[in-house]
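Structures incoming, each one as structure tokens.
Each of the next two complexes has chain A plus one other chain: chain B in the first, chain C in the second.
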Partner chain A sequence: MADVAVRQELAGGSLPARDILTLLAPSGVRREDPALECDLDAGAAARLWEAMVIGRRLDRAAVALTRQGELGVYASSAGQEACQVGPVLALDAEDWMFPTYRETVAVVTRGVDPVEALALYRGSAHCGFDPRAARIAPSATPIATQALHAVGFAMAAARTGSSVAALAFLGDGATSEGDAHEALNFAGVFRAPCVFFVQNNGWAISVPIEHQAGNVVLAARGAAYGIPALRIDGNDVLATYAATRAALARARSGGGPTLIEAVTYRMEAHTTADDPSRYREAAVLDAWRQRDPLARMERYLRDAGVLDDARVASVTAEADERAARLRRALQDAAPLDPLRLFDHVYSAPTPLLERQRAQLADELSRMEP
Partner chain B sequence: MSAPVRLAESPSTGTARGGVSLAEALNRALADAMAADERVVVYGEDVGKLGGVFRVTDGLAERFGEQRCFDSPLAESGIVGTAIGMAMFGLRPVVELQFDGFSYPAFNQVVSHLAKLRYRSQGRLDLPVVIRIPYGGGIGSVEHHSESPEVYYAHTAGLKVVTPSTPSDAYALLRAAIDCPDPVVFLEPKRRYWEREDVTLPSPAVALGSAAVRREGRDVTVLAYGPTVPVALAAAEEAVGEGWSVEVVDVRSLSPLDEETIVASARRTGRVVVVQEAPRLAGYGAELAAVVGEGAFGWLEAPVQRVTGFDTPYPPARFEGWYLPDADRVLDAIAVAMAY
Partner chain C sequence: MEREFRLPDLGEGLTDAELVRWLVAEGDRVEFDQPLAVVTTAKAEVELPSPYEGVVTARYGQPGEVLPVGATLVRVESGDGTAPAASAAAAQGGGSAAAVLPGEPARSGGADERATPAESGPVLVGYGTGHAGATGRRRRPVRPGHPATTRRVPSAPLARSDAVPETTPVVSRPAPAPAGQGTAGAGRRTASPLVRRFAREQRVDLALVPGTGPGGLVTRRDLEQWLAAAANGAEVPAAGATGAPVSQGAGAVAAPAAPGRGTGLETALGTVPETSGDAQVLTGAARVMAARMALSHREVAAAAAWLEVDASQLLDVAKAWAAVWPEEAGGGRTARPPTPFACLLRLVVVALRAHPELNAHFDGRSLRRSAAVHLGVATQTDRGLLVPVVSHAERLDLAGLTRATADAVAGARAGTSRPDELVGATFTVSNYGALGADGGVPMVDPPQVAILGVGRIAPRPAVVEGQLVVQARCQLTLTFDHRVLDGAAAAGFLVDLERLIRNPVLAL
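So, the complex of A and B:
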């Protein structure tokens, strides 16, 4: 049974099953698949690789900055760069995306300054960027809740005749939540122009996918909701881009929602506060390193003549520079204004909040300088 | 804006039968808000063709079309979660959670997102969402249909929580809630849906965050809200026979709370009784008692008396007559306060 094979392969961390759509083999060899068309030639696809290089570098910097105390905690997306970059670059400017806390690289790829993207983890703001300017909802920490926001957004777009579409990021663990079911069901009922992008990275903190779902093929759920679904190689950025692009086009043309399951692997701990040695063998990672999303893309682009050592060096240098800028910005950050903690609870402060603000101001004024 | 309201056209309602019911006032408020602002959308379980199980949305789908008023799947978290997304897009959703006891599946969306998104986004996202919840007991219903969940919401920063007790307030507060850029939990006292008031709609505007003195008195202040306001007024009337002059304040806005009106009344009378259907422990009456204690301690002649539901789950319908605070129980509390 294919299903059993998939379970065993995922549990063992080995190669995914054959029913997973791939446009770029781990070797870097380009494939064609009638079920998944990619309109990017190698030259145009180079920006996907660049965004992954920058994303991976910033992700590594964020882990380091957590060790240095500049961030309180951080959820790495190492190994999932193809899922962070492909869907975001498939969006049109007017579209909105609804990320989770693991989408820092996706948020940066959309154009948000890394300092603003990491405010959540620094503890300086729950959301450091302007959601309206970035067209990104504040990253959701309660699992799967953001999927309903994406569906509601898409329902509103459709009802008002807008061609804007919504992209919801979910993890495999999120598919166990009731909100994931309600989001898929609402989207199916109302034909909402919404794309559900599920990163099946094999783990929800310490719980593996086979303890998360009776059928580990999460794309199989689409049929239950009347939603077209596909299962793609989540470490193939051409596949993540092409699948999302096609789903968005269908959404915009009135074709309704799409469920995309991207099979990938969480190479890091759940967060910097987690210790994966308690629940998984490090050897599992070796198989997935062979499927690295950056390496295969670099190989493809080099073979296509788009990439050479000089360009690799210049993109790497740019990524290093962005990581250095992030580090400097956090280290040089101005002190917080404590009274800001009262801002924006309501559209205008209530009498109670005004009194409490005055109380803190008074306490601060009486503190030793 | 001047479009006719379906209920006003109906021969079975309106002034012909002596005023407007609370449910009709809510219906009219929804219709007027939808006519005034095309961003207002109304949805929930059975609110479309059926017009809601209490008929509060009667005729809206027919008049405004199914893009503006529609039935949702049976999923409360889905209703509130999608309303949040719609508000992010720029609409002003007014959603119905069919009964108090069925508001709980939506609790995570309400508390984790609806209440917090303005704060989380540093003021960049408005969440003008109204959640209408028929609440409270007294209609002989089965379990999960008679609950008083107001403190869960009032305790949550970022939400406004209001509950009308009269048709004119129902109209005005719902219009104010829909116009409000903040999320509002709008608690409708379901056993008062059919009570009528001789009022011409639209009724005068009421600001969220304001209490109303319903009856002036000298000896005791009774603080009540939603379904217990008529109970308090009945007790006040009976108190006349005892020679007690009772003031009744309709709190009506649980968050923000109009502390000024409440403290001023407590200082005038020196005795306070709070009334709620919900159980006593950590109930809204405890907050009212604390506000009175902080603001009027030097004026008080007696400790604040609490008249509440018992600290049991809401009982089976044949018990609710013993459970629900009635005028006699309020009168007993007034007597205790007067005896000090």
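So, the complex of A and C:
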């Protein structure tokens, strides 16, 4: 079990998980690792692959829709599909997840309609889906705040005796923020049933990981908080699934939090408003393309005999259709009422807000043709 | 039905984009998300994918043209008749922008009014990477070609608590004000922290820079234009005075725009406009050169050492390669035999191995030597001076280096270099000899710490063992950053390089 290996490392006082745990080599060859058990057979694992294919297609569509003016900005998770899909499909129905702005694919994987998942980026709503129904907190734009929310939620769940666990998504950049420290510290002290899933994609906008962390092994921080930690291959969806699954199980059974560092790479710009060619060489991407999460999974599933050309074609067609539906929905959407701007500022609007709202309404009434 | 695709805000608050090239022609059939055109913004160069499928019936704009957000790019006839009339979000100026400010004319849709996008509001996620060459990241757009534009404003202020007086009338000036008219209220200028830092780095007193933003706000573009003007030798007011850096009229451009390497005389003359009425705002590579040279001049403690060398062996080596080339070319290694310049580059790479302190980056505090030699090759192009980079030159043999250099230079001239192929050099060579100059003192391109200038190879007298002889000689100049390198390092490099040039066999 991951737990055992990590505890041994902790007991030894050494840095945990120097090695990156992998269950599926970039070549598509399945490996066993005593520190990480995966109970999925190839047939069940195909669902992970399908979700990644659909997620990547929708991600690409969102980038294009930004270039077409349908979205204001978008943060792509291209290349990080294994981190978007694995942890989400490891959740139980009752669990909650706390995503950042880069988790659009994760939110969609949990079952939210892409149009609702992208409302934040269209500027049409702060959160386009019902958090309670989806059991997903609104995607956090401030860095690392969601980690505190997740810990608070998890502590509350534990107090009420429920067996619900929280899954907090973080980026490597978030681990440089004070909020991340506070969240990890609280979780460690109070044994909160919370899983911290850190996608170490190498970049905090334009700042590389080695300029953010004195020790670039982010999993090493678990020891300081008394939190079991492991470092996994973030482009291996079996590893992201298995590690999260085991950590959630431990959280639900009273075993406390886990820190998972998934080593991956941001293949696209930070957001569509960023130009990475100004701070990194394109040549780096070639090495990471060899580690593509989808390609290795497809090879594994084909070798296992659960995937053939027909199924690849049908899943690809399904992904294309979902992308087309998303495009049509955004292109056909009615313009928003600007007055909605005031709707959710305060539960009871202040006099100043009321005045501003009236001014805007007045302006609009005189502008309409 | 026919639908139009308008230029969206491509970067959270941008107001325009420059059309780089079209990827489709009128009459072309396009599919969903097929790239239509390449545009460059202050933040990035991007391909615009088609939101519609159908036939392109019209396209608007020429490469090089700056298009305001909301301008119609293409019309596409989809031939289905089922979809709505226009791209709603694009028509509103893009995404979140649309609904925020009712006073903006974005909703009224007149052709001219569409040039004025809605206020974008605060950046949602991150801040992009606006650096040198930024265009158009202003809260208030300036319409080129208008001598002065007074914005219409809402009759009732929207948000009185707003710290920035968004709703007060703003007079925008497309060009800096004429000298003298300039900016009342010298002294402390309003600018964003980013611009203040940029000014500090450039050691510019912001009080000298006329601001074109709301309430005289100094924008990044204002500062860049001021710096570009300063770098071009235009008259810049002394401390205490205020006014425009570029005086109106011919005087503004009379100073040659050639502070650096390799700018041909005709290029400098070419920047003088026919008429004397308009100041010429630099764009593209010219603006980048101006900013980089100004940076070099301010930051680098430039010193130079030079040496005249006997280049006969370079010519002989190139000749020897050319003589055997047909067979070698059959091996498919490279299209052309090594030139004397390529031979020299190869020897420079070898010499740098013995002098790694010259192959380094210095950011003002720390010096970082590079094991790899990424060789910048200063190149004159139609668009101005560009420095394409041959990466990992230390891994290339002579033939490989010849081809890589030729490819890099050809890419820069054709404009097909990717952005990452124009940055990251660890050492640069400027071959102004090819332009006919005997010698020169090139400018270091920070964060690099040295640059080698190569003069013309020409028959010149030399004294060999007491005898006067005629040799093919060439002057080499090494300009170095004296903050981190000293004369001994520079001379040591030149002497070693000269030894290699005299006897290239040593490089084997």
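Definition applied: the second predicted complex is superposed on the first by the 341 of 369 C-alpha atoms of A that agree within 3 Å, B and C clash if a C-alpha of one lies under 4 Å from a C-alpha of the other, contacts with A are read in each partner's own complex, and residues count from 1 in each chain.
What we mean here is this: a residue touches a chain if its C-beta (ideal position, glycine included) is under 8 Å from a C-beta of that chain, and two chains touch if they have at least 3 such contacts.
What you see is a predicted model; the values in this text were computed from it and never measured.
Contact with chain C, but none with chain B, is seen for A:Ile205 once the two complexes are overlaid on the shared chain. In the overlay built on the shared chain, the residue A:Gly123 is in contact with chain C alone; chain B does not reach it. Legend: residue contacts after superposition of the two complexes on their common chain; A:Val29 is shown touching neither chain B nor chain C. By the touch criterion defined above, A:Ala44 lies against neither chain B nor chain C after alignment on the C-alpha atoms of chain A. By the touch criterion defined above, A:Ala223 lies against neither chain B nor chain C after alignment on the C-alpha atoms of chain A.
In the superposition on chain A, contact of A:Trp96 is made with chain B only, not with chain C.
In the superposition on chain A, the chain among chain B and chain C reaching more residues of chain A is C. Of the two partner chains placed around the shared chain by superposition, chain B is the only one that A:Asp343 touches, whereas chain C remains out of contact. Using the contact criterion defined above for the overlaid structures, shared-chain residue A:Leu330 touches chain C, although it does not reach chain B. In the superposition on chain A, chain A positions 352 are in contact with chain B in one complex as well as with chain C in the other. Contact residues of chain B toward chain A in the complex are 41, 67, 72-73, 75, 77-78, 80-91, 93, 105, 108-109, 112-113, 116-126, 157-158, 160, 180-182, 209, 255-257, 259-260. Those residues of chain C lying in contact with chain A across their complex are 5-12, 32-33, 43-51, 83-84, 87-90, 92-100, 102-103, 107-108, 120, 123-129, 131, 154-159, 161, 391, 418-420, 423-424. Residues 61, 64-73, 75, 101, 120-123, 141, 205-206, 269-275, 277-283, 324, 327, 330-338, 340-341, 352, 356, 359-360, 362-364, 367, 369 of chain A touch chain C in their complex. Chain A meets chain B in the complex at residues 96, 98, 125-127, 130-132, 137-138, 140, 142, 145, 147-157, 159-160, 162, 164, 166, 178-179, 182-183, 185-186, 189, 343-347, 350-352.
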